[in-house]
Every structure is written in C-alpha cells, then in structure tokens.
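So, here come the structures, one by one.
Okay, so chain A shows up in both of these, paired with chain B first and chain C after.
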Partner chain A sequence: MSMNELIKNLRGIWARAYVRIVGVNREPSWLIFELFFPLLPICSFAFVYKSMNAPSDYLGFVILGGAMTAIWMNVLWGMAAQFFWERESGNLTLYMLCPMSTMAVLVGMALGSGFSTFFRVIITFMIGKLIFGITLHVASYFWLFATFILTIAAVFSLGMMMASFFLLYGRDAWNILTVFMEPVFFLSGFYFPVKTLGYPLGALASLIPITLGLDAMRQLAFKLGPDTAFLPVKTEILILVALSALYLAGAKYLLKKLEYIGRREGRLTLRWQ
Partner chain B sequence: MAVKDIYRRFAAIVKSAAWLGWQLKSNWADPWIFAVITIIRPLASLFIIIFMFRFALGPSASADFFNFFFIGNVIYLYVYNVLFGISQVIFEDREHYEVIKYIYISPVNWYLYFIGRGFARFIVASVSCAVTIAAGALFLPLKFGMSAASVPTFALSFAVGLVSIFFMGIIMCALTLVMARHGNMMSESVSGIFFISCGVIFPISALPEWLQKISAVIPVSYWLEISRRLILGTDKTIDGVWHGISTGALMARLGISTVVLFIFSILFFNYMSMLARSKGIIDRTTSY
Partner chain C sequence: MSIAIKTTDLSRAFADSGAKDKNFWALRDVSLEIPEGCIYGLLGPNGAGKTTLIKILSTLLLPTAGEALVAGYNVDNEYEKIRPIINMVSGGENCGYGILTVAENLWMFTQFYGIPTKQAMAKIKDLLEIMNLSEKADTKINKLSTGMRQKMNFIRGFVTDPKILFLDEPTLGLDVNAARETRKFVTDWVKNASEPKTVILTTHYMQEADEMCGKLAIIDHGRILANDTPKNLKKQEAGGVSYTINVAYRDFDPQILRTLPGVSSFAHSVLNEQGLIEMIFNLSDDSALARIIEKINSLSFSINNIQKKEFTLEDAFIKLVGRRLSGGEGDTL
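Take a look at the complex of A and B:
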C-alpha cells in the first residue's frame, strides 16, 4: 500500500468513526435509552440475587456483566447488522464508490462504536454500583483497564467479521442475528460466572471474547472473583490477544471474499430482501 | 349493517393482518430454521436464570423459587412479544417496507389491523412458551398443583391478561406513530420496566417500597400472581406483597384495569393517528 493510499484509508477510518463519535453528542435522547434500557435487565437480575440473600459481590458480577451487554448489543446491531441498514438506505453503494478499502469503513465503525461504548459501559456500571452499593476490591487497575480495552478490541473484531455476511444476506441474516442475544448472554456468563457452565461448555463459549474478558475483569475487580475463576487472568489475556488477531484477519478475508460474491451476484444493491 | 356482518368484517381484518404478520415474521427461512430461532431465545433466557440459581444457591435451591420464576418467565414471553411486536409494526410498515400509506387509505380499521398484526407475535410467543414449558418440566424440580376446578378461572385470567397486553401494545403503537425510528427503544424500555416491576423473575417484595406501590397497580402484576396461585394450587405465593388479597380480588382488579386500558387505548390511538395525520408524518421515514 502506497503512502497516498494509506492516508486515504486513514481518512476513511476517521470519517466513519467521526459520525459515530459526534452522533452521540448530537442526539442526546439516544443516551437516555442506551443508558436507561440496559439498566432495567441489570436491576432485574441483581434483584434475583438480592431476593436469594446472595453476597453483594454476586450483585457486582451481574452489574458488570449487564454493563458489558452494551458492547455486545453494539457489536450485533451497530457493527454486524450495520451493512444491512447501509444497504437499505443506499449508503453501501457510496462506500463502494469511495477511493478506500471497505475494511477502512469497518475499522472506522468499530473505532467509533468502541469509543462511545467504552463510556457507556463505565457509566452504566457506575450507576448500577451506586444503586446497589457494590464495593470493589480491585487487584490491579492497570490490568483491569487493559483487559477491558482488549475485550472491546476482540469483540469488535468479531463484529467486523460478522458484518461482512451482510454484504450477501438480508432479512435472513438479520433474523439469525437475533439468536446471538440471549444465547450469548447465557453462554458468556453475563449474569453468572462462566465456570458454572462447566469446562467443556465454558471452553466453547470462550470463542466469544466477552466470555474471557468478563471472567478476567470479575477476578480483578471483586473479592470473590478469584473463587469463581474459569482460567487464570494472564491466560485469558493471552487468549484475548490471539482472538483479536484471528478475528481481524478473518474479517479481512471474509470481507474480500463476500464482497466479490456480492458484486458478482449483484446483491450489493438489493433492498427489502 | 347487522351485528353479525360487523363481526365478520372485523374478524376478516384481524385475520388478514395476522396472516400478513405471520408471513413477515416467518417466510424468510425454512420452517425448521425458523423453529430453531423461535425456540432458542426463550430457552437461553430460561437457562440464564437456572444457572443463576445454581451459582447462588447450589443444590439447596428450593422448588418454590423455581416455580415462581418459571411461571413468570413463561407469561412474560407473551408480554414481551405482543407489546414489542405491535409497536414494531409501525417501523416495519412505515420505514422499512414503506407501505403504511397504502394501508392507511385502504378500507380497513387501523386499530383492528394492529391487533391482527399482534396475533402473529402471539403465535410465536405460544410456540416459545410450549418449548419453555417442556424444557422446564425436563430440567427443573417444578411442582405444579392446579386443580380441575381452577382451570376455567385460569383460562379466564389468561385471556383477560393477554387482552390487556394487546391494549397496552396499541397504546405503544399510538405513541410510535408520532416518533422517529428510535421510538422502538421506547417499547423495549417499557417491556423492560414490566420485567423489573411486575415480579417476573423475583418477588415484588424484593423491590424498594416506592417501586412496590407502582408494581401493585400494573395489570401484568395481577396476571402473574393469579397465574402463579392457580397453577401452583395455593392461595399465596412467596411474594409477600399480595398476602391478604384474595384471588377473586386480584381477578376483579385485572378485569377493571383491562376495561380501563381498552377505553383508553381507543381514545389514545384515535387521537395519536389524528395528530400524526395533521402533522403529515404518517408515512415519514427518518432513516435513524
């Protein structure tokens, strides 16, 4: 890639990310819904533990998991399904016409979403922490922050990979995507430690990066976290790094492959499929 | 026009709309793929709670807890699907398929059209419900004790509770008429509010007192408590909020609140559709 192309792609990344970063400030009503809405199931599941007189750290597990749902929902509907909406609104064609790689669009989308989601998770967690009076016992702020960032990176890489399928498929893929909500909340242990699932199922669930990210963050942030550990934190961090690289490479490969098929079969401009 | 003819006409509108809704919901996939997708989400929701119980209580989890959350979880499938589904119709017809103006000018009663579209969601919820009940019977230590004498009361409470959800769905739908695409988050939020405040998966008595007072006036709360009592064959559940209130009194509350909802839904829907028309936003696409 020449320097000129690199600059064009970097500009493309910034342009796509900019919309998402600035968009949040221009439409404050989104903030109410996106902070308020995730809090409702979080509170419900926290009340389940409360009604069982469970230790307050368990409520903390739920609040952290619930706050992290914002990342997964953003990956599903703001990343993976985004090409579906772009095609419906006619923007996808414009992206294809731009003098930059489609990968730059995806990376820009991921960076923009990652930025806004980062704050959303932290704010949701802090509100939940305040409501239920959770006490944190952080083993290392550095590793907690590093794990959080790595989890976001790995999950958004997976989202980029999933997005490429929408170059070919329409309503069918959109409907199938709904399957990745509650089943993933279950498998990844959003509301209970993944160790409860047992090691075989937990290992399978680890393909979704949020599983290991959540487990590591619980170990680093709560007193009872290490008692419920699925794997040691260092191992989980290494796997997260590997998954980020793997999904990023997968996204690049799939995007190229599926874009070619989409062009050949004339599916890039299809609407109301 | 005779009453019989009016009934036939209304039934035809609801039937056609339900059929359209069902096609939209299901015709994108092979039936078996659609079946898998329909059952996998409620099953996962069920397993989340089961594993939370397993994690927090271990083998000591009492059947009372399982019975309580299981019945709540099953009934909530209807609440979520119908409530969210009816208001979602506006976005599908207005923004996605852009056909709402054609439906508006056709000789159908709009209110009944949306009720009909909600029926498709009712069918989906019923399938999910059947699968959840089967899974619950397999994996949970459930102890149901409904007597034969309670069956008619249960059927009546179920019908009234369900109808109340349709009316609430129409109210959401009316609000959605004057909102942009992000209005669908509103119906999600309302479903979420019901999830937390109606004691779906935990007793209302676990909520703060001020929230308990709000919960005690929502029809879904009555519906859940009545269903739990009748299915479990008891006159009180683990939820202390309802102790001292008879099942008959709860039925009366459910009935009265449903009638109020019915009247309000008609008035509110007519007002909102008039407002949307006067503002010229019935067929507005917002590209949000």
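Take a look at the complex of A and C:
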C-alpha cells in the first residue's frame, strides 16, 4: 500500500469513527444502554460465586470475562452486523463506490464505538474493585497489555470476516451472527476457566480468539490464574499471533472475494433480501 | 477528443425468478462510445436498463458478457483504478447518518476519498451556497425535507471532484426551481471545468435531456435504439416539416389541397364549436406552403391561423420506442 493509500484509509477510518463518537455525545441515552444494562449479568454471576464462597479470584475471572464480553459484542453488533443496516440504508453502496478499503470502514466503526466500550471496560473493573473487592496480582504488565492488544487484533479480524458475508446476504448473515453470540459466551469461558471444558472442546473454543486471550490474561493478572490455565501463556500468545494473521488474511480475502461474487450475482447492493 | 467510456456488446442477465434456467436480459449488446467532456443522456422507460448500465459502469455490478471500459480501465478487474475518479448520485437515495449534520455527512464522504479536511470544507461551503442549502449546513439530516436531502446527495457527488460522474435521475423530488438550478449547475460544471468532466445522466424528463445533453442514447428493453445528438434525433424523426392551418369551414372542401405538389400527407378535422376546419399538412419542402396559401386565397377563404409544428424529442422517442415515456412530467417542467 502506498503512502497515499494509507493516508486515504486513515482519513476514512477517522471519519467513520467520528459518526459514533459524535453519536454518543448527541444521544447520551446510548451510554445508559451501553454501560449500565450489560453490567447486570456480570454482577449476577459474581453474586453467584460470592454466595458459594468461591475464592475472590473467581469473581475476578467473571469481571475480566464481562469486560471482554463488551469488546466481543462491540465487534459482533457494532461492526459485523452494522453492515446489515448499512446495506438497508443504502450507505453500503457508497462504501463500495468509494476508493477506500472496506476494512477501513469496518475498523472505523469498531474504533468509533471503542470509545464507549473502553468506558464499559473501566466501569466493569471499578465495580469489581469496589463492590467485590477483587485484587490483581499482575505477573507482567507488558505481557498483559500485549495479550490484550493481540486479542483485540484477532477479534477485529474475525469480525471483519463475519462482516464480509453481508456483502452477499442480508437477513441470513444476521441469523448466523445470532448463532455466534450465545455459544461463544459459553465456549470462550467468559465466566469460568475454559480448562473446565476439557481439551477437545477447549481446543475448538480456541478458534475464538477471546478464549485464549482470556485464559492468558487470567494467568497474568490473578494469583489463582495459573492454577486454572488451559495452556501456558507463551503458547497461547503464539497461537493468538497465528490466529490474528490467519483471520486478517481471511478477512482480506473474503471481503474481496464476496464483493466480487456480489457484483457478479447482482447482490452487492441489493436491499430487502 | 478522447473517450471517457466505451462499451462493446455489453450485456447483463439476471436470473428470471419465474423460470429457473431462463435468463432475463436487462441489457443486451450495448455498444457505446462516450467522449470526454460531455453530458451524455440515457433516456428510456421504466425497466429499460438505465440503472443497470450505470451500476456496471460505476463498478457495482459485473457484466454477464461484453466489455466496459471507464477511463480506459476495465470494470471487471481494474475497478480499483476506476473508483477514485468517479462518483454517483441516484435520485431518492438515502445516504449518510441521521445523527450527523449536512456538513458533517458531506465531510465524511470526502474523507473516504482522502481529501484533506480544509480543502473539503471549503468546497462543501461553496457547493452548499450554490445549491441554496447553506442555512441547513448545521442541521441534522434526519430533519431535512426530501428535496433538501436530494440536494445534499447531489452535492456529495460533486464534492470529490470526479472525472466521470453518474447521475441517475438526480432531480427526482426537486421542485421546479431547484431542478432548473441543478441542471444549470451540472451544465456549468462540465463547461467550466479545467480538465474534461463527463456526466452520464439518466432521466425521465424529456426537456432535461434535450436541454442538457450533448448526446443521447434512447434505450428500451436493454437495447440501444438510437444514439445521437438531440438535434439529429429530432431531425431524423421529422423527415420534413409539418403545418397546421385553420380555415373558416363553410363550403370549404379541403380535399382540393391534397393533390397540390409537395404535400406528402394530409389530414383534416372540423373544429365545430369555433366554426373552423383544421388541416395538418406534412410537406416534403417548405415551398409547398406558399402554394397552399395561394390556393386558399384564390378560393376567397380566409386563413385564421397557421402554425409550424416543431418536432420534439418526445416525438422521436414515441417513434422509436412505440409509446410515450411513462410519467410524462417532462411536459410540465
């Protein structure tokens, strides 16, 4: 990609992100929906552990899982499924028409709501600290941060792969996303260590980058983390790197391929499918 | 002059929803050459294939057969080179985000083309002024009227300064004044540009096509029926001149005029309520008119009215397509 292309795409990312950032400011009620309601299931899980007198680190797992849920939801509904609405509203036609890459549009969307997602993550942790009295034992801040970023990169790429299906399908692609939501909550071990699932299921769940990301972050941030480890942190980080690269290449390929098929079949910008 | 768009036997089929293995051809063997620097019109009834052609040229749809080159690039595999230099506006489109203002939406679209913000904002300001939309610049677009929204879409097409611009019924939903200003704006934009600009315009308004387009293609059932300047299209249709003459009808026998030299066809009807007879002559040459007038005068009848009939694009269209252009609002514009 030339410098010019890069600048064009960065401008595009910022412009698309701007819509969301401004949106939150202009409609503050969004914040309540985005921040307050998602906290309720997290708290209920935490109270279950508490009433069972589980070690406080287990409450920490729930809080960490809850924070990552916010990010997964953002990618699923704020990025991939957003293409459904863009298609219906006619904006998708203009995204295809313009010279910016489709990936830039998607990243712009995710970063735009990243702002409110970030608050959600912070508030989740504050609740963990203040209400449930969780204490962190960070083994390495560097690796904790690196794992977090890697997880985000892999999840964004996976989200872009999912978004590509909206270039061809409307409601069908929407249904696929719905299927992805609940089982992912279960498989990725948002609220419990994935080791509990056993190796075969755990390995399958590892295809979802959040699973290994969470497992590694638990090990790096909590005293009890290493006891519940699915794989060693180093292995998990290596797999995350591989997954990120794989999903990024996959997203690039699928976005291009499905755009081409969409143009061929006359479905690229077809509405009301 | 170089060529902006060239298509060779361009065809597009869609799967027929009725019969399974049968294809429905929305475009069939379209071969066109559109020179740079002109406004090129596509005129045709609903379902003729105009939008399909525009979608192919704007890289949103692939041809089923044949080839299309835009600025020399093939729409099939060189679409990434085409997109930076084109733009498209469709009537009735609903683009942008309701939470952003008019200016913000327009700015957003310029960013997708990599235009620096300062430059983009200056251009947006100018265009809003030209289109009489300045006072709505800071209004959220969900609070605009249909026509205002269409003006914004229209500006979106120009703000990226494309080399080739596709306008698919761009004046849809605009009032008479706004439509007129819009047409003038497009014409000036092409005329005054420092580098050649090409506009492909589809419309249902005859007058719009006649007034704006340097060249026109009349299209029906996916095929190009004619492709020429509006002037030539009208001339082709006429094949001579036509006059309407009214004469007070008492005792007048119009049949004696039928055999005069130069009269190629003749029809008459009685306009009873005015006590007049109306005759319509098609003449192979203008000089026959003098003979007709002389004859009527020599019989001591008086002529109440003579009118030369101008052939319109509508006449050419009816002759080629076999029916009026649906809607027909073109007459009232």
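To be clear about the criterion, the second predicted complex is superposed on the first by the 249 of 273 C-alpha atoms of A that agree within 3 Å, B and C clash if a C-alpha of one lies under 4 Å from a C-alpha of the other, contacts with A are read in each partner's own complex, and residues count from 1 in each chain.
By our rule, a contact is a pair of C-beta atoms (placed from the backbone, for glycine too) under 8 Å apart; a residue touches a chain by one contact, two chains touch by 3 or more.
Not measured: the values here are computed from a predicted model.
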| item | value |
| --- | --- |
| Fit or clash - chain C, chain B, common chain A | fit |
| First (chain B), second (chain C), both or neither touched by A:F36 | first |
| Touching partner for A:A203 - first (chain B), second (chain C), both, neither | neither |
| Touched partner set for A:R264, first chain B, second chain C, both or neither | second |
| A:L246 touches, of chain B and chain C: first, second, both or neither? | neither |
| First, second, both or neither for A:Y49, with chain B first and chain C second | first |
| Apex chain A: angle to the C-alpha centres of chain B and chain C, given in degrees as a multiple of 10 | 90 |
| In the superposition, chain B vs chain C on chain A residues touched | B |
| Which superposed partner A:Y58 touches (first chain B, second chain C, both, neither) | first |
| Chain B versus chain C as contact partner of A:S89, first or second or both or neither | both |
| Chain B versus chain C as contact partner of A:R16, first or second or both or neither | second |
| Minimum C-alpha separation between chain B and chain C after superposing on chain A, in Å | 6 |
| Chain A positions touched by chain B in one structure and by chain C in the second | 27, 89 |
| Interfacial residue positions of chain C with respect to chain A in the complex | 12, 14, 55, 58-62, 80, 83-84, 86-88, 93-97, 99-100, 104, 107-109, 111-115 |
| Chain A residues touching chain C - in the complex, by the definition given at the top | 4, 7-9, 11-12, 14-16, 18-19, 22-23, 26-27, 89-91, 93-100, 105, 260, 263-264, 266, 268-269 |
| Of all residues in chain B, those that touch chain A in their complex | 28-29, 33, 37, 40-42, 44-45, 47-49, 51-57, 65, 69, 96-97, 182, 185-186, 188-189, 192-193, 195-196, 200-203, 206-207, 287 |
| Residues of chain A touching chain B in the complex | 27, 29-30, 33-34, 36-37, 40-41, 43-45, 47-52, 54, 58, 88-89, 171-172, 175-176, 178-179, 181-183, 185-187, 190-193, 196-197, 228, 272 |
